[in-house]
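Structures given as C-alpha cells follow.
You will see two complexes here that share subunit A, one where it goes with subunit B and one where it goes with subunit C.
So, the complex of A and B:
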C-alpha cells in the first residue's frame, strides 16, 4: 500500500517555519517513513505542474506557511486546497497574516514607490518598476502580481487546522505530526475542523516562569529601563507584554530573557481580536482614579497598531476604509 | 530562440527563477535571474518604535535571523545614542559568531560538499548529505548534527530563541549570562573549534587531494574578476560584527574603505524591470551592465569577497588557513567563485575561534550587560557581515524614536548582479549546440549559483539532499515544452 502523501509549501514567509520543522531533528525521519513527500519546494521536486497533475484530494496533509501576498501565493493556496484532504495554516503568517500583514497599513503602489524610487540608495531616474510582463530582446519574462492587501490563508481558502507561532516550536510541531501519524496507523478521529493544534488553551502567562502578583501600573517602560529581575512579571513592571492575550504553546521563551511577548502564537480561545483584547487588558490594570486618567496613560503606548497587532493585523477587525 | 526555464529554483524573498534563452544555433543568448517576490519591510517598519525593529526585521529571513537581529541592534544603538557595554557587546558577538559558524557548517556539509565529496556528476541519489556520510563515514554525520544542535543551544542561551532571537536592547543585551550558562557556552565554543578543524581536514582530503576538483574550482567558467567587499577591524582583519567596510579592486588593491554610516556615498542600487530585487553596485565605478572587470561597478560579498578584501584573520588557526588558501590558489585576489567553499571554511574556523576567545573572557558573566540610552539621535546605521554578504540596516526616527525611514541592503542582494553573471557564464560554457541538457549539466550550472549560498539554500536540504531542478526547453514562439530534464532527490 502506498503511503499517504505530504506537502509543505511556503508563500510570503521568511523560511523560519522550514527551519522550525528541522528542529524536530531525527523525528523528521519518521515523517519520511510514514508519508510520501510529494511537494516541498526546498526538499523535493518543486514544479507546480506536478501538483497540478495530482488527483483532487490526493495529498493527505499539506502544511502551508506564509501569508498570501501575491498572485502566485494565492494560486498555490487554491491548488493545494484542491489537492489536499487536510490543509493546515502553519505558522503565524498563514494563520494570522503574521509580520508581512503589517504591510496592510500601506499598498502595493506605495511599497514599490518606496523600494524602487524613494530609498536613499536607489538611483532610478527613469522610474523603472518591475513589470508583470516584460519584453527582453530574447523573449518575454514574467513576474507575479503584487497585491495591495496581505491575507491569511483562511481569507482566501478553507482551512482545516491552525498551527500558530513565529515560528511554531519544534516539539509542538512533532506533537501534531505524531497525532496525525497515530490516527493513520491506529485509526481514530482527527480533531474537529478549525482546531488550533500545537498550542495550549490558556495564555502565555500560564507558561511564563515569572511570578505574577497584582497588576497595577502607572505608566509604561522599556525593557532596559528596569533592573534585571528574572522573577518579576514584565507587565507588572510596566513593560508592555502581550502574554495575557496570547495563546500558550511557546514555553515563554521571550520573557525568559526579559523581553516581552509580542503575541506570535495568536489570541487564546474565545478571543477574536488580540489587539482589542490587549487594549481592554491594559485599561484594567492601569492604576488611576479616573477614566480620563486611564485613557491618558493608555494613550502613551507608542505604537498600539504595531504592538497589539504585530502578528495579527491581516486577520483583525481593523479594516481600512480605502486602499 | 528557445527559452530554458529553471523555475522555480527556490527562495530568497520568495522563489528564484532562472530563464535561459538559447538561440537558433543552440548557443546561450542570455540568462535572466529573477526574484518574483517583495514583502515591503522597508515600508511597514515605518511607524514602529525603533527598538522593535530588532524583533521585526529578523522575519526577513528565518535562515539568518541572527544577522538581521544584530544589524538592527547596532542601528538601534546609534538611534538611541547607546554605546554597548563591554559585556553586552561580547554577548552579542558570541551569539553572532556561533551562529556564523553553524550557518557555514550547514552550507558546506549539506549543500556544497556533496558535489565534491560524492562528485558533481555522480548519481543524484547519492549526491547528497547521505552520500557524503557514506563516503566520509557515519561519525561525520554525527558531528555535523551535534555542531548544529549545540550552536543553536548557544544561540538560545543568549538570544532566548534559536529562530528569531530577541535579546538585544539599546547598548547591549537584556539578560546577563549565569556562571552555569557561561560554562556551557565555553564547552560549545571548544567543540566548534574542534569541528571547524575537522571540516578543513575533510576539505583537504576530498577536494584538495583531487586535482580534478582543484582544476574545476580554478576553471575560467566559474571565475569573475570583480571588486570585493568585506568588513574589517582596525588591523584590516575579517570581522563579522564590527568595523569598517573595505572594498578591493579586481587586482586586490584597496579601492575604498568607509565607515558603515557612510554607505550611501559608496553604494547605489539599480532597478531592472524583470525582477523585484534591486542590483547594488559601487557608486565610485558606476554601472556598466552585467559585466566584470575594473570598469564595472559590480562587486561581490560573502566569504570569497571577505577574504579578498581583508589582510588576514585575527585568530591564529584561521590566519594559518588563510595563508594556505591564498598560497594554494595563486595569491590574492582569488576570483574563482567555487573557491568560496574553502573561504567559507576559513571563516568557520575564525568564527569558532572568536566565539571561544570571547567565551573565555572573565567579563562574560558581568551583570553590566547594557548601557542606558543617552538620547534619541534620530538616525542610525547598523552593519554586520551576514553569512551571505554585508548587511546594511539604516533607520531614521522622529524625536520619540518612532521610525520615519528604513533602508535595508541584505546579504544576498549584494551578489544579485554577480549571481546573474555567473549563471550566464556557466550556462554558456555548459550548454553547447547540439549537446544534451543532462542532469549533470544542470548540476554544474547550479554549482555556479550554489557557491554564493543564496539565502534560499536553506537547511531543509539536510535530509533530502540535492536541490531539485527542472529545466524545460521551450520553443520561444509557442512556449511549447520540447524537452524536460528533471532531477529529484
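So, the complex of A and C:
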C-alpha cells in the first residue's frame, strides 16, 4: 500500500520555517516513514509540473509557509489547495502575512524604486529594472508579477489549519505531525477545520516565567535602556512587550532571555486585530496624573505600526496603507 | 462622485453619561447640525477600543469621532484617561497607514453642552468634506479580486 503524500512549500518567506521543521530532529525520519514526500523544493527535486500531474486531493498534507505577494505564490497556493486534502498555513507569514506583510505600508512600484534606485549601495543611472518578460535568443524569460498587497494564505485560498510562529517551535510542529500520523494509523478525527494547531488558547503572558504585578508605566524604553532584571515583567519595566495580545505556545522563549515578545504567534482567540488590541492595552497602563500627561507619554511610542503589527498587518482590519 | 456631491459618513462613539446626553440636548433644543454622523452609544469613551476605530474605517467610515466626559467628570473616574492615551497612538498609526489623522477626532462634550456638540459635528463634517471620501472598503481593497487561474499558470509555468 502506498503511503499518504506530504508536501511542503515556501512562498514569500525567509526560509526559517523550512529550517524549523528540522527542529523536530530525528523525528523527521518518522515523517519519511509515514509519508511519501512528493514536493518539498528546499529538500527534494520535484518540480511544479510534478505537482500539476497529481490527481486532485492526492496529497494528504501540505504545509504552506510564506505569505502571498506575487503571481507565482498565488498560483502555487491555488494549485496546492486543489491537490491537497489538508492545507496548513504554516508559520506567521502564511497565517498572518508576517514580516513580508509590512510591505503593505507601500506598494510594488515604491518598493522597486527603493531597491533598484534609491538604495544607497546601488548605482543605476540608466534606471534598469527587472522585466517580467524578456526575450533572449534561447527564448523568453519571465519573472512573477509582484503585487502591491501582501496577503496571508487564507486571504487567497481556503485553509484547513494554522500553525503560527516565526518560526513555529519544533516540539509544537512535532505535536501536530504526531496527531496527524496518529489519526492515519489508528483512525479518529482530525481537529475541526480552522483550528490553530501547535499553540495554546491563552496569551503569551500565561507561559512567561516573569513575575507580573500591577502594570503602571511612566514611559517606553528599549531593552538596553533598563537595568537587567531577570524576574520582573518586561512591560512593567516600560519595554513594549506584545505578550498580552499574543497567543501562547512558544514557551515564552523570548521573554525568558530578556527580549520582549514581538507577537509572532498572532492574536489569541477572541482578538481580531492584534495591533489595535495592543494599542488599547498600552494606553490603559500608562501612569500619569493627568490625561494630558498620559497623551504626552503615549505619543512617544516610536513606531506603532511596526511594533503592534509586526507580524499581523496583512490580516489586520485595515490590511494595508492607503496608496 | 464629484466633490460637491460627497456626503461624509461619520461614526460617532458617544459615552452615555455625558456626550450622548449632550447630543440629546442639542436635539431637544432644536439646534441644527448636519445629519452625517451615526451615533453609537458606549458606556464610556474608555470602552472605545482601537479595534472599534479600525473597524469603522475598514467598513467604510470617512471619519470617526470619539466623544466623552471632560477629564475629571468621568462616571468611572478615569475611563476617559484611557481614551486620552489611545488617541495620540491612533493618530500616529493612521498617519503611518497614510490615512489623514484629521479623520479621527476626540472631543469632550458634557451633558450640558448641546451647543458644543452641534458645533463639533458641524466642524467635523466640514473637515471631512474637505478631505474627501476615504472609501477604504472599495478603494483600497479593490485589488483583492481573484486572478484568473489560466493567466497565473501561463505566467508561472511558461
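Just so it is clear, the second predicted complex is superposed on the first by the 311 of 323 C-alpha atoms of A that agree within 3 Å, B and C clash if a C-alpha of one lies under 4 Å from a C-alpha of the other, contacts with A are read in each partner's own complex, and residues count from 1 in each chain.
What we mean here is this: contacts are C-beta pairs under 8 Å (C-beta built on N, C-alpha and C of every residue); 3 or more make two chains touch, one makes a residue touch a chain.
As the structure is a computational prediction, the values presented were derived from the model and not from experiment.
Participant: Looking at A:72, would you say it contacts subunit B, subunit C, both, or neither? Reply first, second, both or neither.
Facilitator: both
Participant: After the superposition on A, what does A:323 contact: first (subunit B), second (subunit C), both or neither?
Facilitator: So A:323 only meets subunit C here.
Participant: One more residue to check, A:183. First (subunit B), second (subunit C), both or neither?
Facilitator: So A:183 meets neither subunit B nor subunit C here.
Participant: Mind working out whether A:109 is in touch with subunit B, subunit C, both or neither, as first, second, both or neither?
Facilitator: Touch partners of A:109: none, neither subunit B nor subunit C.
Participant: One more residue to check, A:305. First (subunit B), second (subunit C), both or neither?
Facilitator: Once the two structures are laid over each other on A, A:305 reaches both partners.
Participant: For A:294, using the defined touch cut-off, is the partner it touches subunit B, subunit C, both, or neither? Pick first, second, both or neither.
Facilitator: second
Participant: Tell me the contact category for A:144 with respect to subunit B and subunit C: first, second, both or neither.
Facilitator: both
Participant: Touch test for A:122: subunit B only (first), subunit C only (second), both, or neither?
Facilitator: The first partner, subunit B, only.
Participant: Counting touched residues of subunit A, say whether subunit B or subunit C comes out ahead.
Facilitator: Counting residues of subunit A touched by each partner, the higher count goes to B.
Participant: In the superposed view, which residues of subunit A touch subunit B and also subunit C?
Facilitator: 72, 105, 144, 303, 305-306
Participant: Please give the residue numbers of subunit A that touch subunit B in the complex, ascending.
Facilitator: Answer in residue numbers: 10, 12-23, 25, 28-29, 32, 37, 40-47, 69-70, 72, 98-100, 102-103, 105-106, 110-112, 114-116, 119-124, 128-131, 134, 136-139, 141, 143-144, 146, 166-167, 222-224, 228, 230, 253-254, 256-259, 262, 302-303, 305-307, 310.
Participant: Quick check: in the complex, which residue numbers of subunit A touch subunit C?
Facilitator: 48-49, 52, 71-72, 74-76, 78, 105, 132, 140, 142, 144-145, 147-149, 151, 155, 272-273, 275-277, 279-280, 282-284, 286, 290-292, 294-295, 297-299, 301, 303-306, 308, 316-323
Participant: Which bits of subunit C are touching subunit A when the two form their complex?
Facilitator: Answer in residue numbers: 49-51, 53-55, 57-58, 71, 80-90, 92-93, 96-99, 134, 136, 139-141, 143-144, 147, 149, 152-153, 155-158.
Participant: With touch defined as at the start, can you tell me which subunit B residues reach subunit A in the complex?
Facilitator: Listed in rising order, the residues of subunit B that touch subunit A are 1, 3, 7-8, 10-11, 14-15, 19, 21, 23, 29-30, 32, 34, 36-40, 42-44, 47-49, 51-52, 55-56, 58-63, 65, 145, 149, 152, 156, 159-164, 166-167, 169-171, 174-176, 263-264, 267-276, 278, 280, 367, 369-370, 372-373, 394, 400-402, 405, 407, 409, 455-456, 458-464, 467-468, 470, 476, 486, 488-489.
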